[in-house]
Amino acid sequence: MRDAPLRRRALAEAVGTAALVTIVVGSGIQATELSRDVGVQLLANSLATVFGLGVLITLLGPVSGAHFNPVVTLAAWFTGRRADDGLSGRDIAAYVPAQIAGAIAGAVLADAMFGRPPVRWSTHDRSAGHLLLGETVATAGLVLLVFGLARAGRDRLAPAAASYIGAAYWFTSSTSFANPAVTIGRTFTDTFAGIAPGSVAPFTAAQAGGAVLGLVLVAAIFGRPTPTPPDTPTVHGEPELTTPALP
Amino acid sequence: MRDAPLRRRALAEAVGTAALVTIVVGSGIQATELSRDVGVQLLANSLATVFGLGVLITLLGPVSGAHFNPVVTLAAWFTGRRADDGLSGRDIAAYVPAQIAGAIAGAVLADAMFGRPPVRWSTHDRSAGHLLLGETVATAGLVLLVFGLARAGRDRLAPAAASYIGAAYWFTSSTSFANPAVTIGRTFTDTFAGIAPGSVAPFTAAQAGGAVLGLVLVAAIFGRPTPTPPDTPTVHGEPELTTPALP
Amino acid sequence: MRDAPLRRRALAEAVGTAALVTIVVGSGIQATELSRDVGVQLLANSLATVFGLGVLITLLGPVSGAHFNPVVTLAAWFTGRRADDGLSGRDIAAYVPAQIAGAIAGAVLADAMFGRPPVRWSTHDRSAGHLLLGETVATAGLVLLVFGLARAGRDRLAPAAASYIGAAYWFTSSTSFANPAVTIGRTFTDTFAGIAPGSVAPFTAAQAGGAVLGLVLVAAIFGRPTPTPPDTPTVHGEPELTTPALP
Amino acid sequence: MRDAPLRRRALAEAVGTAALVTIVVGSGIQATELSRDVGVQLLANSLATVFGLGVLITLLGPVSGAHFNPVVTLAAWFTGRRADDGLSGRDIAAYVPAQIAGAIAGAVLADAMFGRPPVRWSTHDRSAGHLLLGETVATAGLVLLVFGLARAGRDRLAPAAASYIGAAYWFTSSTSFANPAVTIGRTFTDTFAGIAPGSVAPFTAAQAGGAVLGLVLVAAIFGRPTPTPPDTPTVHGEPELTTPALP
């Protein structure tokens, strides 16, 4: 299904990113309504994300590659820029706006489902320096995982990214946004998972730095990519996930 | 095993739906007996459902398709109505009553296991408007997942529906019933997971709307189905799950 | 590896059952030392069991079938009694004592690891009638799962039994012992997971009744077994789990 | 990718062990900042480790075997010492220092991400006798699992080690370090997951004893290894994990 028209692939990115933000924001609201222990709240928030994101990657990977993240889309374009089947500039121009629009819609939907005002800017400042280090680490790890799996020919294990994010909620101080589109979406809700608009620029810069670091690690650990035969047969009924980097 | 006689398939639907409701209601009772933190209660309830529903789909999928849900059964009939191997009206007439009877039996069994009166109408009103929006979103997502996986030829990943429900407990305001039979069953218990009889009609209407929305999304994202060869060989010892939509 | 000598298979059953009881009892002690919320305690206890039991079945399934449970061993003998490769009376006479001895050793080891007296009879009475109903349901479900998967040719999904137990901790009132050997082992520790010796007989009777019910359900849902070709080739490097019922 | 040059394999061990310690220490800090229930803290810590370590083994197994642990590296050398493709002394001399350096770097990074002083010796004494028994059991189980899976030809299930550690956090009194490099790294942080330097020697001795016990159990349960054909073909796109023991 890799050859889905760009229209359908962009729709998959929009719907997938919307669903991801709805999961993150909605489960955060539910958790704060039900418990006063912030540890229990983050447990619920992280487990809902592991389950939900894993399903989204499984479902939409065969259509669009299930990026849901401009950092992944841009890194896929960069690593595949010399390959025949890499992402084109036209793909980028459709994917990234779809991801951002989806992320905003997802936050609005979560607020609406819980009877909150659909748009209220977050007042949750997240600009402390050690949070930016957390965000750099979170994004480096995500890029290392996604493109390392592709380099090792294990694309079909891409849903592991959901487990990674579930762990990174806990081991990074920033709770691992690692995604500029999701970061923008999360400014539209003044709830548990929100982020103040003023923190978006530093978060995005940290994410970009982390992505570069992640690509350096991929090259250092996995080495030069080897050319794959042009027409790899696929077992019927079990299509590979379309992963971003197939250089 | 797809060719199991209707009698055995309907029994699988009844037993599976009963077990599902027993899991949902029983774990809710246990959780409220053991903790006073409602967040911890819903964590237990949702994790028990993820584990239990995943097992039920794995076990009974090869027999009946493991719908356990009239919405899924009707959507399978609708999408497969022009295919030779789609569900027939006779199948519907057996599956749906089996699911409803199973759901009621499951609630009664859960109450009995915990020494509660076996039938007591729930007093838990769930008719607020934003809950209905939650229920619409929950059902749309479930239908998109189940029929999207089938359209992508990934039927054997159907147990992902359990992970989806586990996430949707948290990210939807309604805690994701997404199932008219289970909704009816849950009126029979006045415990954590119950729903007042008066809320059944609006919930079911929201679920029906969500199902239509889900099918629209499947068509928009996955496109027209392509015909599959009539006699796909199956690897010995690893039969595919019988999934509802094989158009 | 199915043809391992009985000595090694019995050792695998003893070590596996010991490890299972160590997991159940040890995680119960740790949980009660760390939290005063009984819901959090059972969450820890059930998650540790899901992870640990899943690993044990994956590791030891290829050697002995990973029963760890006299009920499963006896049901495997019963269902396979007319097959050439079924369990023999001699197998039973080695497996069941190995399971019981392992279970006792596992409880003693858990107590010792936590600096408790290695043997102290449990004072936790669990003989209320509704608990016995819970135990019957728990065992019926386990037998339906294990032998239903085998009947459907999905033996390699046997680790799903760990997920089932994780759910059944919550949805049954008895927290799902479902295993006479483990029940006996758990009398040797006066901690969270213990059971008073006086409750062993009714629990075991309920488990036996549940096993019969489970086998009836297997026959009703999965029908008559079909003969399998005698020499099924196995893909190199991925041996099937040796499951109990291969009639 | 088994034939990656030693430089890349050692880098994978350093990065993987660093990431593992960052996950363990970082999630411990986050958990203690968010909850006062120590049970909730260990739930978060153990779940983050299950998710994170599982991803690391999946990602880096194809490069270096994903040991991240001197005990596993030494046991792999010992069991493979007569095989042509076993680990050499030169491999050991690169792996073990990479693991230790990585572990220290991981602890420093976790402290830095959370705005803590990057190095502060732990004051958490863990030298009680029953903790050492716990550590022996934890390491014996890990070695039994890793080398038992290899002996059974199920190397590609190596990520099960993450589930094992998640269970062992709970069922062992020592919370299952089971790794001398990680033990050293955890002396560098005075937080939830730290260990006082004075407890390193007894912990490491207990781990060594556990490893020997684990190898004895592997031989007793899995018997003599059978020779495998020299050139086993691998399905394209799904390389086996490089596991330590391939005797």
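General observations
Which chain is which? They are A, B, C and D, in the order written, and residues in each are numbered from 1.
Convention: a contact is a pair of C-beta atoms (placed from the backbone, for glycine too) under 8 Å apart; a residue touches a chain by one contact, two chains touch by 3 or more.
Computed from a predicted structure; not experimentally measured.
The minimal number of chain-to-chain contact steps leading from subunit A to subunit C is 2.
Using the mean of the Cα atoms as each chain's centre, the chain most removed from subunit B is D. Simply put, subunit A must spin 90° to overlay its Cα atoms on subunit B, rounded in steps of 5.
For the pair subunit C and subunit D, the fraction of shared interface numbers is less than half, so the two copies use mostly different residues to meet.
If each chain is reduced to the centroid of its CA atoms, subunit A and subunit D end up 28 Å from each other.
Centre-to-centre separation of subunit B and subunit D, using mean CA positions: 40 Å. Shared contact sites, meaning residues of subunit C that touch two or more other chains, fall at 37, 40-41, 43, 47. A complete list of chain pairs in contact reads A-B, A-D, B-C, C-D. Listing the residues of subunit A that touch subunit B in their complex gives 1, 4-5, 8, 11-12, 15, 19, 22-27, 30-31, 34-37, 40-41, 43-45, 47-49, 51-52, 54-55, 58-60, 62-63, 109-110, 112-115, 236-239. Remark: subunit C residues 37-43, 46-47, 50, 128-130, 133-134, 137, 141, 144-145, 148-149, 152-157, 160, 163-164, 166-173, 175, 217, 220-223, 232, 240 touch subunit B in the complex.
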